[in-house]
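Presented sequentially are two complexes of subunit A, the first with subunit B as partner and the second with subunit C.
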Partner chain A sequence: MTVAEIPQPGSLLAQIEESQARYRSIFRLKFFATWAGLIGLLLAGLYFTGNIDTAFIAEWGPFIIGGAGLTVFVSAVSIVFATILALIGAIGRLSRNPYINGIASLYVSLVRGTPLIVQIYFIYLALPQLGIVLAAIPSGIIALSFNYGAYMTEVFRAGIQAVPRGQREAAQSLGLTERLVMWRIVMPQAFRIVIPAIGNDFVAMLKDSSLVSILAVEELLFRSQLVGRQNFRSLEALVIAAAVYWLLTIIFSYFQQRLELRMARGDR
Partner chain B sequence: MTGVEGHTPISHPIDAPHLGDPIVRAERIEKYYGRNHVLRGMDMEVRRGEAVMLIGRSGSGKTTFLRCVNFLEEPSAGSVEIEGVRVEADPLHSRDKAHLEQIRQIRIQAGMVFQDFNLFPHMSVLQNLIEAPTRVLKVPRAEAVERAEAYLAKVGLAEKRDEYPARLSGGQKQRVAIARALCMEPKVLLFDEPTSALDPDLIGEVLKVMEELAHEGSTMIVVTHELHFAREAADRVVFLEEGRVIEEGPPEKILNDPDDDRCRQFLRRFLSA
Partner chain C sequence: MTTIRRGTALLAGLLILAACQQAGAVPAAVCVGEATTYFAYLTGSEDQPDAQDPIEQADAAGDLLESVQEAGVLRISTDANYEPQSFREPDGSWVGFDIDVGTEIAERLGVEAEFQHQDWDIITAGNWNERWDISVGSMTITTGRKELFSFTQPYYYTPAYLAASERSGVTSLDDLEFTIPDDVEAITRPTDQNCIEDIEAGRTEFDLLMTSGTVIDGAVEGGLPIVKIGEPVFNEPLSVAIDKAGPEHAALLYEIDQIIGEMHADGTLTALSEEWFGTDFSQEAAAD
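And now, the complex of A and B:
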């Protein structure tokens, strides 16, 4: 390993580092200018069509945005349940026990093979016929959890299988029990592998939570539809809702990136 | 003594008073991969303090045999006994909990060092070393750390204790892997081509550690292509071909003047390469 030099002012190394830093900051400046420019253009365009009712936005904007709380709540709870289901599902899909493997595979196949909207309706409208009556919000959460649980099952399974076999063997050769091999050696590495994919699913879930608006759950989309239709101002109402979804995913992506950096600790 | 008539039943052919009682006994090990017959009745006994080196061309079954000893590979037939724990082959994987536990006991007694290190990348060097002692042997953490530091010092890497594996060179990784195996204080060490994945200039530092271990009386079975190392460190060299022991004996005999033609041919090709 070579020893890092401390650059002397004016030296070649200092000049190289300086020009690289300059390049990076110029790139960043242009990048954000592009975003700001395009978004400004879009908003200005909308505004100058003369069709934007700012009074409506001022009056109903806060009401619509208030729906974000329920959106976040439904998504967050569903994500937790989906992750638990996916962990169990993945272990089931990798099980040598034919019954457990069969149950897990059937779950994944069934849920992935039917539309989410059908699952939501099924739980809310069809189950009562069998005597199981659930309120709208629990129905939505259950449907989202089962649906994303199935997709994430496959992600977790792939992640577990992507951990090199030698890792498991090394752990076994040290006498670790199967449970320790799984939870101390395989899972932590699998988790790192799947974070980007799981992050994708989380973002998708945040947006798919809008589907529970069909059960009259007063989340973001439902509220925006409600006041938008009443006032014939769907354009404004939907732009507000879209902007909030977008903002939420940007915030989430930021935290995901930080988590990825933290988990990559051992890599360099 | 080594037989004259080619194949001989295997015991421990070395008359060496410094070696103790038999500690590893593998009997009639057979292994099929699909229809490929990889091990054809391998017998081996290793005595306390003995360093046994397995040599032979690739595909001769050396590595497979070693992996059968601690059941990373399930033998198709035969049995392995280490320190009185004896496990029969179970090719159908129909073992109950008690048998699985016996395999775990065998693994605890047999430390393994792999060709590609297999350090746990999400743990620091120290965590790699104390994981199994604290969780498997229930050694108190402070004591495990002390032990880990001692073995790290032994392989010359005391200052790397808080480093992550990704920051180590191949030779350093393998020395950490050796220290990790030693931390379990196993009765026998299994080395699976420990220098095959290393750059040539890093092989020496690993072999040096292994040679030290051999001379200190560690019991070890080593699959290796490093014949010079075998000459220095082995009590016994075993030549395998087609899943059988063809010839074995003290290194000076096997490596200089083997009786079997196939062994002679292997050495000639190997040393000229």
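And now, the complex of A and C:
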């Protein structure tokens, strides 16, 4: 055996990396080919069996898609309010004060124990009987915020509790006050833990925002149903709406993934 | 009430059921929109089409008329699911007979018309909470609704018809025999458009539906597999409605009633009706 036949350790590593890279790119290629193939099949199937009216799609597509702006607006505003509510709720749920803890727990239990659609109707149709009259869009935003706030309260509580006890103890032993420990040591770490969950909730919110269509808010689903019914082309109209929801979640998931990678840097 | 005779072509569903039970004991399934006069008519409820109450002149001070004039905007609710009364263009604009009537009323009041879609059952439930001022949505005056709403004189009348799915083979009233309301099973959907959609989707819970002739004509024109049958079953007086639970509105009601009277007199309503329906519905048609 000659020396020349023994591969250099450096080049072996390079070869392994190269073969892994090749494997990854082939995997990715096949992965996307599968998606493209299946989606193509689905669309072709719809087109040939569903009596699809392409002229209708061309004529009404822009009007339906125009509702996406309001969908994103309602979802984005609601997720901001829900996050604030959840932060307050989580602190309440962890409070040693029985009254504050009781209020926060009741909020979570009540909201999680009733359907979102009931909450939406309640705010829009029932509150006026108590003298509180809200327009459709604010009603929808309030209902979504309260609903998601309750679910996210539990996420935030778990996130805060997941920060290792040692972190808190170390900060306390350095002489930091209780408040500083919470805001400078625990919260930043808890926030990193809950980011993926907030992202998931936002994706879910994008879709649940379709429920406010029952209040005649002109978002994506409302417009799709209106146009579908008016022209008796429900299949086309609903497919357009579904495609836009899907696209919105894909776009958002991409940014969420990048954010998660960024937040995870500290773990390496 | 209305009796409809049976011919050779029976509904498929009826036929199968009739084999098991005695003929005539099977209620005919007829689809109608919830909270519509058709439902009331089919079920024989007390809430039947009715004439409007007398309207008296009133002082505008503190009236809804005053706040509308101050705002310069008349907020009109209508359900955009009803072509040709009220529907949307691809650019989002509102069009239809009700839209033209509403726009004309606002113009003659000297204010802007602002339309908003509300689901029909929300409008007819009353308690609008001042979210909009009036309904120009082809609302039938009924005894029950008069408890909730103030009505102007009718601005037009539509004949109510039965329609059958194409697959049932029913094409005329002679093909049917049942007495309304005794032998009818009313099947409700949120709106009468849903009844038509169900037939289009091939659902088989019913083969008959009842709605306004104009809705049926619109659907037939859109290529939907339904057939309008027979003569009008009854005529609906359709009016502008104002919520009685809302603010004082006697002056606004009087003004709009006067405007509708003028629109009848000067031929505006006849012209609009002919434009949108191809026929003059502004006067009550002779009922069968």
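To be clear about the criterion, the second predicted complex is superposed on the first by the 257 of 268 C-alpha atoms of A that agree within 3 Å, B and C clash if a C-alpha of one lies under 4 Å from a C-alpha of the other, contacts with A are read in each partner's own complex, and residues count from 1 in each chain.
By our rule, a residue touches a chain if its C-beta (ideal position, glycine included) is under 8 Å from a C-beta of that chain, and two chains touch if they have at least 3 such contacts.
Values in this document were obtained by computation on a predicted structure and should not be read as measured data.
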item	value
Simultaneous placement of subunit C and subunit B on subunit A, clash or fit	fit
Subunit B versus subunit C as contact partner of A:G166, first or second or both or neither	first
Angle, in degrees and to the nearest 10, that opens at subunit A between the C-alpha centres of subunit B and subunit C	150
Contacts of A:L180 with subunit B and subunit C, given as first, second, both or neither	first
Partner chain(s) touched by A:P115 [first = subunit B, second = subunit C, both, neither]	neither
Subunit B versus subunit C as contact partner of A:G69, first or second or both or neither	neither
Which superposed partner A:P188 touches (first subunit B, second subunit C, both, neither)	first
Partner chain in contact with A:P138 - subunit B first, subunit C second, else both or neither	neither
Touching partner for A:V227 - first (subunit B), second (subunit C), both, neither	second
Shortest CA-CA distance in Å separating subunit B from subunit C in the superposed model	50
Subunit A contact footprint on subunit C (complex, rising order)	80-81, 83, 87-88, 90-92, 116-119, 122, 127, 129-131, 191, 193-194, 196-197, 200, 219, 222-224
Complex contacts: residues of subunit A adjacent to subunit B	96, 164, 166-167, 169-178, 180, 184-185, 188-189, 192, 265-268
In the complex, subunit B residues that touch subunit A	70, 72, 93, 100, 104-105, 107-108, 110-112, 114, 116, 118-124, 131-132, 135-137, 164-167, 177, 180-181, 184, 190
Subunit C-touching residues of subunit A, taken from the complex the two chains share	59-60, 62-63, 66, 125, 128-129, 133, 135, 214, 216, 218, 226-227, 229-232, 234
